[in-house]
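Paired with chain B in one complex and with chain C in the other, chain A is shared by the two complexes that follow.
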Partner chain A sequence: MNVFEWSFLAGVLTATAPVLLAALGGLLCQVAGVFNIALEGQLLWGAFVAVVVSDLTGSAWTGVAGAVAATVLFSALLSGPSVALRADPIVVAVGLNLLALGLTAFLMRQIFGSGGTYSSPDLAGLPDLGELGVDVPVLREQSPLVPVALLLVAVMAFWLTRTRSGLRLRAVGQHLDAAQAVGLRVSGYRHGATLVAGALCGLAGAQLSLGNVTLFGEGMSAGRGWIAVVAVMLSGVRPGRLLLACLLFGVAEAFGFRLQGAGLPQQAADAAPYVITLAALVLAAVWRRKATREHA
Partner chain B sequence: MSAPVVARRVVASAPVVAVAGALLLTTLVMLVVGVDPTLAYPALVRGALLDGNLEYTVAAFVPTLGMALAFALPLRAGEFNLGGDGQLAMGGVTAAAVALLVPLPPGVAVVLPLAFGALAGGLVAVVAAPLSTRLGIPAIVSTLLVSAPAVSLASYLVRFPLAEPNTGLAQTPALPEAAHLPALGGSGYLTIGLPLIVVLTALWLYANGRTVLGYEIRATGRNREFARYGGVGVDRVAALALAGGGAFAGLAGALIVLGPPHRFVDGALTAPGYTFTAVAAVLLAGARPVVVPLAVALLTFLQVGGQGMEREAGVPSQLTQIVQGLIIVIVAVLATLRARRAR
Partner chain C sequence: MYAAELVGVTKRFGPVLANDGIDLAVARGEVHAVVGENGAGKSTLMSILYGLHRPDAGEVRRDGTRIALRSPADAIRHGLGMVHQRFRLFPGLTVAENIVIGAEPVRRGRLDRAAANEAVAALSERYGLRADPSALVGGLPVGVRQRVEILRALYRHAEVLILDEPTAVLTPGETDRLFEVLRTVAATGVSILLVTHKLAEVLAVGDRVTVLRQGRVTGRFATSETDADELVNAMIGRSLAPSAPRRARPPEGDPLLEVRDLTVRDADGVARLSGVSFAVRPGEIVGLAGVAGSGQRELVDSVTGLRGAVPGVFLAGTPVRAGRDPRVAYVPEDRHGRGTAPDMSVAENVLMGAQRDLASRWSLPRAAVRARARDLVDRFSISAASVDVPIGTLSGGNAQKAVLARELTRPSQVVVAEEPTQGVDVGVRERVHDLLRTARDEGAAILLQSSELTELRDLADRILVLYEGRVVAEFPGDAPETDIGRAMTGATG
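Then we have the complex of A and B:
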């Protein structure tokens, strides 16, 4: 097995993209001081709506737009209760994750007539970049949302450090009282961050169900939203580090996929991303602890 | 307090409002997708209580109550245990392994697998304790990250080393007769698991309200720094609470496996969604532990009835997951509204 083949790197990028998009949303919420653990449900909801709309209209891009719009609406169920009414965001998010799981499985049966997995020739997937004339080995078989995700990392980094609104958002998250004292509308920034995170999760879901594959399966987010939450925790709210954390997950998933091809049981491949993510989280925490001790 | 005042308080209490609100929204969902609620709800009640279905409801109540304790106990100490599935599966597979591999005399053949199941669940859960108390990784994330590989490991064990030979099915062989939970009644679905979990719940309620450890757990959950200042070994208490919660989950898994069909079938423990039904029930019960068994009974009723609704009225049973999700969100909103009014 050659880890340095182009196809392996392409597999890493494919596995990374949906997690990265969701994690960018999580990062935005974290910056604004909202602990968003509803990413898993939002990702699943986005993936579902993308497939439904693409199936109905025959256009993958309409599916993407539908997923973004529907997931923004869904994230209003988080921002409404937790920002406006100040309900516990963790409890609300636990409920929303369950709601997304039930709602997608329920509507899937109502709309497509059966549960499990849905795919159909009518279902339009996102085009490969190769078809659009991009001739770079790693990108040839990726959907256009993959470079978009990478670009958004740079955009987010620039916006958070170099623009007025980005700096204000950080102020809201870091020092609530100070932000209020200079007259910022704190809850406005938090609503905005949560809703934009919803849009990003919609993109993530569309990439998962129309980019990585062209189908919807019950519970197909399969923990990616939680991995995105961990990536946010690992990032120290820096987009560059967020990208690294998500790439780590992408490597784990692509590697697990290869191991399965090499004859290891599927369960090992399923477990690999979680084990590696947890190990990274623990190592980072140990390292941070050591660093703070040496400073002290 | 006069009877009408009591009645008014019960009707206006958060759990009642939350369930009513969730059912109202669910009825709306039904109407939007073209399901007739006047067919669906009677089918739900029949599916849970009548036509001989009551014993399935009681059989599902046992693991759901176990999982409720698995979530509620660490929650008292301020730790979110969302990894119930992994603890449940490892408890189940460990109990099956002990029952299959160790020849035991009657009596011990039931007790030992249950004990090892609880132990396995506790060990899976307690991993989250040092991560939370020493490294600051929230248990809500670490329990979930540990859970997924634990489910995978149980699945691997049941498909390969413990698999029933020559069938190709992802299940263990039937457990020896001596390891079957003694039945209470004809069909075998009602076992001593029910009185066992009820007694354990009563013990937890007593320990939570009346013992030093229960007080220390609550103090740790309310305000960790204050509890530490008051001389509570908060790290130890948090670890105990997580381990205890995991042990209840592991026991729930063991009880499922030692009950009919007396084997570990891959996916059979996690597929019914006991973990999150239990999470919804505990959050619904809010700060009143005594209400937990009632909330579990209500949500188990909805869960099992939902399957009847699917059989009779053709309404996908996932509707009950929607109800549970809505209940959790509404409970969270009501909690903050009440807190604000109290101020």
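Then we have the complex of A and C:
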């Protein structure tokens, strides 16, 4: 296999990682019965805080930690009203998505003095695995968060089906009253899932702004959170299928870069991954429904 | 000393006094029945004992000591278990997972599936409650789901087992089976609280019985020293009228509902109904018997048009129209799904489909709607705080009367009723039967599906028995129950 193809595969992984991390958070919420469509906003918020903290401290890992902590706090704005006060999570999430967009743009002007895109030599990005001594071709130029994301898919699958708390979380999501009737602390599980999803979105954001690139741009999440939402809905809450759906987006995005290199107008190349991913995911869902109907 | 006691329990829901100073005590190993009209407060009382509601006044005691119940978790810890009126199971989890959840066996940090399956198998063996531990609950029939709920309580070492209307969803055979199990369980020292509307069951399986009426205790009896009449009197404050005589005149005229050689297949192409033919004339009630899943659902859906315009179904000589043919009055089994829109008001529900008659050119005059709704509520003696409350807050019996009010006042000549008295008390049951008889006498053609043979025999002129999608037998309305029961199992001759 030649270098050209390795680099394509590496591009796929890079593009997949942030979407996958956010989608894992979304999956967790879905399992707990909280329909979380605030992934987009949380991703953007995480990306922003990662850059701010990294810029201030000069340490990418502190940036990651800051992003995780700040996005957990941000997700409390979802879990608080929707779990404790029983507000409609969709309405709350729409508000959060708008808040993230406005707040990052506003704070960006306050902190960096200008809007648009911020980048600086002081801004520390995440190291490549190659620098850390990993000598696998596809991974050499990835941030350490990429293998972490892949690993988390397996961890999530194991945890949901093989552990006590995983079973209980699934139960809570399937039937709230029943979960209460068997003595589970229902809101604890729902809060927990939403907050952990926040942490995963924080990681996703950090990977986006300190891993994939080393900068922050207004609205840089660019719909990845929505792709994650769609992936969750079509995954049938199976981590394996979730990974496939996210990889599909990664392939489409990496392919989009290629097309741009080949002279396709930039707008078309930018739109391509979303169009391809959505079309493919919807087709897959239709096909699956047909298949289950024939087998039922 | 009693295993469990409720002392002076009072519970209010807004203006409704659901429980009013109730005392109830159940001894170790006793089967204690709780009866009362719809809305008498039975479920509320049981929910208090299981920690789902907190009483406004009064207390709960276990083995003589007062206990604080803040949630079902507390109740479980104190050895209480409950089988709910609407099952509380997780459809996507297996039988074993549903049973052990909350007290799962764990080995080296992981869920120990093998141990869970083993424990469940041992329990089902011990109590004769058969259920496959690794089956997904979502695909199981109701009878088995109920076993899962009972096993769950037993797995958590319940010493007081509460069952809220467990037999409403069971066939006669399953009910007998359940009672055997309850006796076995009680013999091991477990106390059982059994809520039911069926007095024959109370007398058959209970040791003692407490009667509730409008939130108060109106009678306490030992079952050996009472009878159905006395219980009814305590429940509704009067005796039941003897059931109306069967009308002598045979129905006549052209059939209003005719089914000719009806065959229905499911999505997989499996025949659910094969070659079903029958006719219902004006002034006739035709009963439909059969064990659950013999094709009743498919037949009802075909006749009402809910299955589309299936060939072979004729209403007054013309083919049925797709999508709920307006010429059919339909009283569905599923009261809160198909029967009513639970979040909408009583007025909206009882007039649903009839609004067109009340509407002016541009609007629906509210005053006219409410006046008409109030009239229906009075005529069908539905007790509701007002016609504006959501119908989902009504007790089961009142919701059912509301469905009948809507359906029987439609200008339809064909009535299809599915389990019209499931989960309703004896008073309402009598009223529902009267309404159906009146509709019949006014010339309606009625198809009545019921799993209660007594009900079919009380009302129907003829009884058809469905078995595996075929009509395997037809009986006159007064045929012996044993004959009908035998035909239901597919036995011929």
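By our rule, the second predicted complex is superposed on the first by the 286 of 296 C-alpha atoms of A that agree within 3 Å, B and C clash if a C-alpha of one lies under 4 Å from a C-alpha of the other, contacts with A are read in each partner's own complex, and residues count from 1 in each chain.
The rule we apply is simple: a contact is a pair of C-beta atoms (placed from the backbone, for glycine too) under 8 Å apart; a residue touches a chain by one contact, two chains touch by 3 or more.
Being a predicted model, the structure only gives us computed values, none of them experimental.
Participant: Will chain C clash with chain B on chain A after the two structures are superposed, or do they fit?
Facilitator: Aligned on chain A, chain C fits beside chain B.
Participant: Between chain B (first) and chain C (second), which does A:R164 come into contact with in this model arrangement: first, second, both, or neither?
Facilitator: second
Participant: Looking at the overlay, does A:V229 come into contact with chain B only (first), chain C only (second), both, or neither?
Facilitator: first
Participant: For A:V155, using the defined touch cut-off, is the partner it touches chain B, chain C, both, or neither? Pick first, second, both or neither.
Facilitator: neither
Participant: Output check: A:L244 vs chain B and chain C. Expected answer is one of first, second, both, neither. What do you get?
Facilitator: A:L244 contacts neither chain B nor chain C.
Participant: Angle at the Cα centre of chain A spanned by the Cα centres of chain C and chain B: state it in steps of 10 degrees.
Facilitator: In the superposed arrangement it comes to 80 degrees.
Participant: A:V134 in the overlay: touching chain B, chain C, both, or neither? Say first, second, both or neither.
Facilitator: Neither partner.
Participant: Tell me which touches more residues of chain A here: chain C or chain B.
Facilitator: The partner that reaches more residues of chain A in the superposed model: B.
Participant: Give one of first, second, both or neither to describe whether A:A87 is in contact with chain B, with chain C, with both, or with none.
Facilitator: A:A87 sits against chain B, while chain C stays out of touch.
Participant: Just to be sure I read the superposition right, which of the two partners does A:L77 touch: chain B = first, chain C = second, or both, or neither?
Facilitator: It touches chain B, and chain C stays clear.
Participant: Quote the smallest CA-to-CA distance from chain B to chain C in the superposed model, rounded to whole Å.
Facilitator: 5
Participant: Would you mind writing out the residues of chain C in touch with chain A in their complex?
Facilitator: It is residues 50, 52, 71-73, 75-77, 82, 84, 87-93, 97, 101-102, 104, 106, 109-111, 152, 267-268 of chain C that touch chain A.
Participant: With touch defined as at the start, can you tell me which chain B residues reach chain A in the complex?
Facilitator: Its residues touching chain A are 29, 33, 80, 82, 131, 134-137, 140-142, 144-146, 148-149, 152-153, 155-156, 159-160, 276, 279-280, 283, 316, 318-329, 331-333, 335-337, 340.
Participant: Within the complex, which stretch of chain A touches chain B?
Facilitator: For this pair, the touching residues of chain A are 37, 77, 81-82, 85-88, 90-92, 94-103, 105-107, 109-110, 115, 223, 226, 229-230, 233, 265, 267-268, 270-271, 274-275, 277-278, 281-282, 285-286, 289.
Participant: Which bits of chain A are touching chain C when the two form their complex?
Facilitator: Listed in rising order, the residues of chain A that touch chain C are 162-164, 166-168, 170-171, 174-175, 177-185, 293, 296.
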